[in-house]
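There are structures below to look over.
Common to both upcoming complexes is chain A, partnered first by chain B, then by chain C.
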Partner chain A sequence: MTANSILSVRNLQKHFGGLKAIDTVSFEVNKGETLGVIGPNGAGKTTLFNTICGVYEPTAGEVLLGTQAIHGLKPHQIARLGVARTFQISHPFRDMTVLDNVIMAMGGSHYTGLKGIFSISRTHDNISKAEALLAKLHILAQRDKRAGDLSLGYMRRLEIARALALEPKLLLLDEPCAGLSHDATQEFIDIISQLKATGTTIMLVEHNMAIAMTVCDRLVVLNYGVKIAEGPPAAIKNNTLVIEAYLGRDDDIA
Partner chain B sequence: MYEVVVGINIGIFILLALSLNIITGYAGQPSLGHAAFFGIGAYTAAIMTAKLGYNFWLTLPCSAVTAGLIGALLGLVSLRVRNDFLAITTIGINFVTVAIFQYTPYFGASFGLGVERPQLFGQEMGNMHFLVLIVALIVLLCLFCRRIEKSWLGLALGGIRNNEEAAASIGINVNMFKIIAFTIGTALAGLTGAIYAHHMTFIYSSDFAFVTSISILSMIVIGGMGTIRGTVTGAIILGIIPELFRFMSDYRMLLYGGLLVLMMRFQPEGLLGDNSFLWRQFKGLYSRYRLRQGLESGKGGAASDG
Partner chain C sequence: MIVQQLLNGLVIGSVYALTAMGATLVYGILRILDLANAGAYAIGAYAGLFLYLSTGNILLSFAGAIALTGFFGFVVQRYLYIPVLDRPPIVPLIASIGLFIFIQDLLRLVAGPRIREFQASLPFGAIKTETLTINPTWILIIVLTAALLAFLWYLLAYTKIGLAWRATAQDLEIAKAMGVNINQVVAYNFLLGYAFAATAGIMVGMLYNSVFPTMGDVPAYKMLALIVLGGLGNPVGTVAAAVMIGLIETLIAGYIGFFLPRDAIAFVALIIILLIKPEGLMSRKA
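Let's turn to the complex of A and B:
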């Protein structure tokens, strides 16, 4: 483990019955970097996120946040330790306002103990913090809308605002650009660059190589649950294994 | 006196509807067996005063705790099953509970259980006293629900109602909060049961049957689930209709069922739910009123400036 590693994944495995969705994968995420996880559909990228976040218990292997082992913990515990995520398919709290969606992620220690759970959530402080995050993601104007009424692009932004409200050590983004128009994708690339500039450590699943190449400092390539390459974008671009994995499919070499 | 009795009956429905609203409205957990917990509270209280000689006031917390503990168990069950199956499970719990009351001699079996009206300052509590007690509890419960809505608990339950996976991803312990919602909601139904038993002075297992559960659920669905105003309104409307149209009381279920279907088709948010037609009109009117006031005071300000 390097000195500035935030997350280390060691020999991680996640099997679904006979299917090895994650097969002995190891890598590190360093403080302040944007690590891309790429690979064809079904490669195991979402499963990797779910295993890191505690949605699935690993079949074998370890996940360390700093020096603390987090595998085997529940998702809410891992979230409170500072791992925030967005979902490939947006999961906003649909019937609640955009503002509430963000404030909810600021509960932290208030979500335990009678005194905590009955204390007021929408304090001036929390409202202005949430508004600042909405402004950062350029959705402050949507503040009082129901989250379920937002467009797909806005939902994605809301999910990032909500994740940032946890003040995470590590932010996991699962295909934030999938299904977006060219312009919206460009805006997202800007947003991610902005987050990078403010020092957020990001792990980004991106199925589109071109986007991953632009925003990521380093890439980990998965294919059929196996890590087939790791390195800076320029090196990955010319890696024959990677090219084969993608050429085996029909899409995505941009 | 007739109005007082009607008021008590509606008041009891309001308490039951508010308590179910915590489970189904706030936390989004379907429960089609809420009357079971109302019954557990009623029988606990009746046994405590009629058979064991305890004081009525002591039955209120004891009924709440008994129903709440059993409700917590239901909460545990809810962790294991999907929402649609939970609905079936709660129906089952309702039938089993009623059967236990109906066939256990200690619970009076099909004869029911009789209790005495409690004493207050050396006097037997009359209907008016009960009405005052119930209204006071409704006010307290509304304040409590308001507090839930404003607190982290309300947000956590809203998270669970909308998306459990997302709720967990922002640090909400989904299992714990589900159990909290079931415990609070069923405990309050139990408390209401204690009052009901001592107001009626006679309870039968059939008072707590599945149809009662459906009535309570209909109230919150028709009024507007997840809101205090909708829940109270629904309880008042469905509580009053059978009183206004006596001949309909045999067809009550038909009426509730019909209203439910109409509501689901045309106004799934309920009459006064957050996104319902009526409530949006009301909010629109209110904000126009505010705007006009703002303009007028703005004019006043400009005049004084100049």
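Let's turn to the complex of A and C:
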């Protein structure tokens, strides 16, 4: 483990019956970098996310956040320790306002103990922090809208604002550009670049190679649950194993 | 006369609202129909009665019964519902029916099958005008229900736990990913829901001057209907539905003098409303 490693995944395995969805995968995410996890459909990218976040318990292996082991913890504990995520299919809390969506995720400590019952949600402090996050994602104007009424692009931004409200050490984005138009995708790439510039450590699952190549500092390539390559985008682009995984067999292409 | 009947309807509606609220909150978060909530109603009534008979203090009797039944709710969710949460919804439903029957038989064994009187003297008198008499129990029911519902409204609308509650009701998995401890949310939910049911139980025991082991039966059926009518897990909808049914059954029984008993009137009204608006009074938009 390097000194500036935020997350280290060591020999991680997740099996569903006989299916090895994640098969002995190891890698590190370093502070301040954007690591992309790419691979064809069914490669195990989202399963990897879910295993890191505690949705699935690993069959074997370790996940460390800094020096603390987080495998086997519950999703809300991992979230409070500083791993925040977005989802491939956008799930804002539809009946709440955009602002409440963000405030709800703020300060996991508010929910612990008896004081959590009576701590007020819309304090001046909470509102201004939430507004700052909405401004960062350029959706401050949507603040009082019902979250379910937002467009898909805005929902994705709201999800990121909500994840950032957890003040995460690591932000996991699961295909943030899936289903977006060309223009919206371009805007999203700008947003990710802006987050990188402010020092956010990001791990990004991406199906689209071109997007991953543009925004990521380093890539991990999965195929059938196995890590087949790791390195900077330029090297990955010319890696024969990767090219085979994406283009080698017709049924691998979505 | 009309005011008297409206007030009577409001009293009945208040009791229904309190009884159904616990189950509404549970359904909203876990999508479980907690029939045993009506058992908590009977437990609350008995606990309140015995505390009153032994201390003679109505305030102490309310506080003790609420605390005891709330704690019972905490135990029920922790050791009955949380362990079966991953199973198909029929499993917790059957568990709740089993618990409901168990509670009734336990009350029968402990307190006997006969109807017990609950004559409590309240620290305030009736309000009397020339045409209208509001007896003390009515005042208690309306004021206490309003206070408890206002408290719930405050929690849901203005506190962090309320936000977590609403978030969990909308999407359990995402709420977890945002740092919400679901087990804690569910625990508070049962604590509060069972406390509400206990309050309703004591007040109905006083209102009809009777406490008996199966007193939760009819409220259980009405509670289920009210949850559906209120839009499945929507607290505001449940209150609206409860008051509406309370008024309808009181007014029809009082004025038309229907050939059916008032509980039957309530169910006929529920069936008619559900035929007209099958999605409930206040269904959530998808």
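The rule is short, and it goes like this: the second predicted complex is superposed on the first by the 246 of 254 C-alpha atoms of A that agree within 3 Å, B and C clash if a C-alpha of one lies under 4 Å from a C-alpha of the other, contacts with A are read in each partner's own complex, and residues count from 1 in each chain.
Rule of thumb we're sticking to: contacts are C-beta pairs under 8 Å (C-beta built on N, C-alpha and C of every residue); 3 or more make two chains touch, one makes a residue touch a chain.
Since the model is a prediction, treat every value here as computed from it, not as a measurement.
Superposition of the two complexes onto chain A shows a clash between chain B and chain C. Of the two partner chains placed around the shared chain by superposition, chain B and chain C are both touched by A:V55.
By the touch criterion defined above, A:I120 reaches both chain B and chain C. Contact with both chain B and chain C is seen for A:P75 once the two complexes are overlaid on the shared chain.
Of the two partner chains placed by superposition, chain B and chain C are both touched by A:D95.
Annotation: chain A residues 53, 55, 74-76, 79-80, 84-85, 87, 91, 93-96, 100, 103-105, 107-108, 110-112, 116-122, 162-163, 166 touch chain B in one complex and chain C in the other. Contact residues of chain B toward chain A in the complex are 147-148, 150-156, 158-159, 161-163, 165-174, 177, 180, 226, 274-275. Across the complex, chain A is touched by residues 155, 158-164, 166-167, 170-171, 173-182, 184, 188, 284-285 of chain C. Interface residues of chain A facing chain C in the complex, by the touch rule stated above, are 53, 55, 74-76, 79-80, 84-85, 87, 91, 93-96, 100, 103-105, 107-108, 110-112, 116-122, 148, 162-163, 166. Those residues of chain A lying in contact with chain B across their complex are 53, 55, 74-76, 79-80, 84-85, 87, 91-96, 100, 103-105, 107-108, 110-112, 116-122, 146, 162-163, 165-166.
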